[in-house]
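Written below as structure tokens is the structure these notes are about.
Chains: A, B and C, in written order; residue numbering restarts at 1 for each.
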Amino acid sequence: MSESNNVLVIRNLTKKFGEKPVLRGVSFNVERGETKVIIGPSGAGKSTLLRCINRLVEPNSGEIIFNGVNILSGEVDIRKIRARIGFVFQHFNLFKHLTALENVKIGLKVIRGLDNTEAEDKARKALKAVHLEDDAYDKYPAELSGGQQQRVAIARALAMEPEIILFDEPTSALDPQLAGEVLDVMRDLAKRKVTMLVVTHEIGFALNAADEVLFFYDGVIWEKGRPKELLYHPQKQETREFLRRIADLSMFGGE
Amino acid sequence: MGYAGLIAHHLLGGLGVTLELTVVGFIGGFAFGFLLAVGRTYGGRLSRLLSTAYIELIRGTPMLLQLYIIGFGLPLFIRRYHPSFVMSPLLAASLGMVLNSAAYQAEYIRGAFNSIDYGQIEAALSLGMSKWKIIRHVTFPQAFRIMLPSWTNEMVYLLKYSSLAMLLAVPELMYKASVVASETFLYAQIYLLVAGIYLVFATLIIQAMRRVELRLHIPGVTTIKR
Amino acid sequence: MISATSVPWNIAVDMLLKGAKMTIELSVLSILLGLIIGLPVALMETYGNKTLRYIAMVYEGTLRGIPLLAIYFIIFFSMPLLVGVGLPAFWAAVVGLGIRSSAYQSQIFRSGIQAVGGGQIEAALSLGMSRMQMIRYVVLPQALRMAIPAWMNEYIIVLKDTSIALAIGIVELTRQATYLVSITAEPFKYYGIAALFYLAMVLPLTYLAGHVGRKYGIKGTGGAANVRI
């Protein structure tokens, strides 16, 4: 029962939008250094789940225990918590009026309170970690490719030195070639034991980089297991059907 | 020679008042417009109702009517109770222009703030920024740039419509022009000259603002036309 | 100054209606004049040769850069002296507001024309259409449809600016209201009614334009109605 190794523990999380239940009792945990991947049908609520974790969306009931503290309780300073949880969005959400470098620096300056030199230093390190091309540092998001924008977004999250990074379908908005660059960076991070919770359709990434794969269906974690087990030998009917559909597509798409 | 000098003197005086009305109208309009925009977006039920009603009322009626209400109707009404009440025409016109411009600027401000996609706000929240920090570091820098063309339009509009103050006997450019024209009988020349002056200043405003827009342009945030 | 007199209600209503009628007449004639001139100017500015384009640009640039009051005074006072011919006040008002509107309308149509995708122009020319045919059968139908919301917005502006015609003696709504106020010293009553008249004309049009704008409009011109271009 050593909770101390868990960065995140989710217990019985529920969320309804109006009459429609989206999360019906989700429970799982993420250990330090783990890369956990969530797969599942589109629109089922995986995005909502991630957004509950940093409380961009407020869940109806349940517990979210981040480093031993239940962050759903009233006395918690959510802004401080958010600064320790990284979030990478499907549509990148870079700040359009700032260059790539400035995008990564801003959190460090405005929230961590670092001075310009320190912030610049850490920002450059983060951008290097995502292999951003040199000439892109001073470009505005509108001047960057999708893959570059997403890598900057990852750097922006990384630079804050969070305890976990949440990824919400990071490559869904990218064409296959650009998606590849981003997945490479993510594989790299997984190798370096960055704690990651990734919602994705990229089965290849799940196979290569995940420590555990969770299949999210009908508002709960329907099944889970090590990548090779879950993906090659799913136990439940629904898991099998989902994988069959995805695999059909990815067979033509190549991995 | 002194004749032309006299004409120039009168018109210059009028020009001064015109520019005064324009500047005061614009700045006052922005200040009040900002309050209206905030009231309409973030306010409680009552603020939202009042600001929306105000904006629709002003935008749905002619500026001249509004100027007459403030410069003519209001003093008339007050004189029923305080027979010696007098309102300076310049004050009335300035007030009218501020109140008018505010309604339009409120919508420009609201539009600019709304045009910033929510995704960026989500990202800022995820980093741990507070509402004020988000406005200061994310929303405002972009909204400000997006509003620049509207500002250009509004300034030129106020420059032109300040001429309506003439009908309240405010000694601005158009009023002075009519005075000079009727005294010299040089109707054709004076009005054409004055039209030219308005055109010059309108062009100056547009050129200056264009330069500002170019300087502050960020691809992906603002668009450069032509 | 002068002591207030009260005006019998039916006379007041009569006067205000007379003013409203004039307001509407003036606005309709002006917007139509603006259309008749504005569309050709837009075509000149988009498809014309260097000279035509220059003339169009000077025309609309000037008329958009000077106050309507100045245009009125020039037409009403200056023209007789320059050209020897003067217009009666009503027509001076129509022409003044009309040519000013034409300048703004030319920009509206220009946006509409430019919004018609280049691919369609290529397709039309590939079919063998002449330039005129392409403009007439492919570009204009779409351009005009897309311009409708912005055009309605322009009409709203014209409607409100008819008030300025009182400066050359036109008996429109604002003038009537002011006259009644000066006699009765009841500003809120008569200005209030005048305001309601304007609102009754403007608000439905604004709503309609916004509705049409969502369906057909081009982004950035006329999606939101009642904007000062």
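What to note about this one:
The rule is simple: contacts are C-beta pairs under 8 Å (C-beta built on N, C-alpha and C of every residue); 3 or more make two chains touch, one makes a residue touch a chain.
These numbers were taken from a predicted model, which means no experiment stands behind them.
Minimum number of contact steps separating chain A from chain C: 2.
The two chains most heavily joined by C-beta contacts are B-C. Across the assembly, the mean Cα position most removed from that of chain A is the one of C. Taking the mean of each chain's C-alpha atoms, the chain whose centre lies closest to the overall C-alpha mean is B. Taking the mean of the C-alpha atoms as each chain's centre, chain A and chain C sit 55 Å apart. The distance from the centre of chain B to the centre of chain C, each centre being the mean of the chain's C-alpha atoms, comes to 20 Å. Between chain A and chain B, the centres computed from C-alpha atoms are 47 Å apart. Residues of chain B in contact with at least two other chains: none.
On the chain A side of its complex with chain B, the touching residues are 54, 56, 79-87, 89, 91-97, 106-107, 110-111, 140-143, 153, 156, 160. Touching chain A in their complex are the following residues of chain B: 117, 119-120, 122-130, 133, 137-138, 141-142, 145, 218-221.
Contacts from chain C toward chain B in the complex involve residues 62, 64-71, 73-74, 77-79, 81-82, 160-164, 166-167, 174, 177-178, 181-182, 185, 187-188, 191, 194-195, 198-199, 202-203, 206, 224, 226-229. Of all residues in chain B, those touching chain C in their complex are 56-57, 59-65, 68-69, 72-74, 76-77, 79-80, 104, 107, 111, 153-154, 156-157, 160-164, 166-167, 174, 177-178, 181, 187-188, 191-192, 194-195, 198-199, 202-203.
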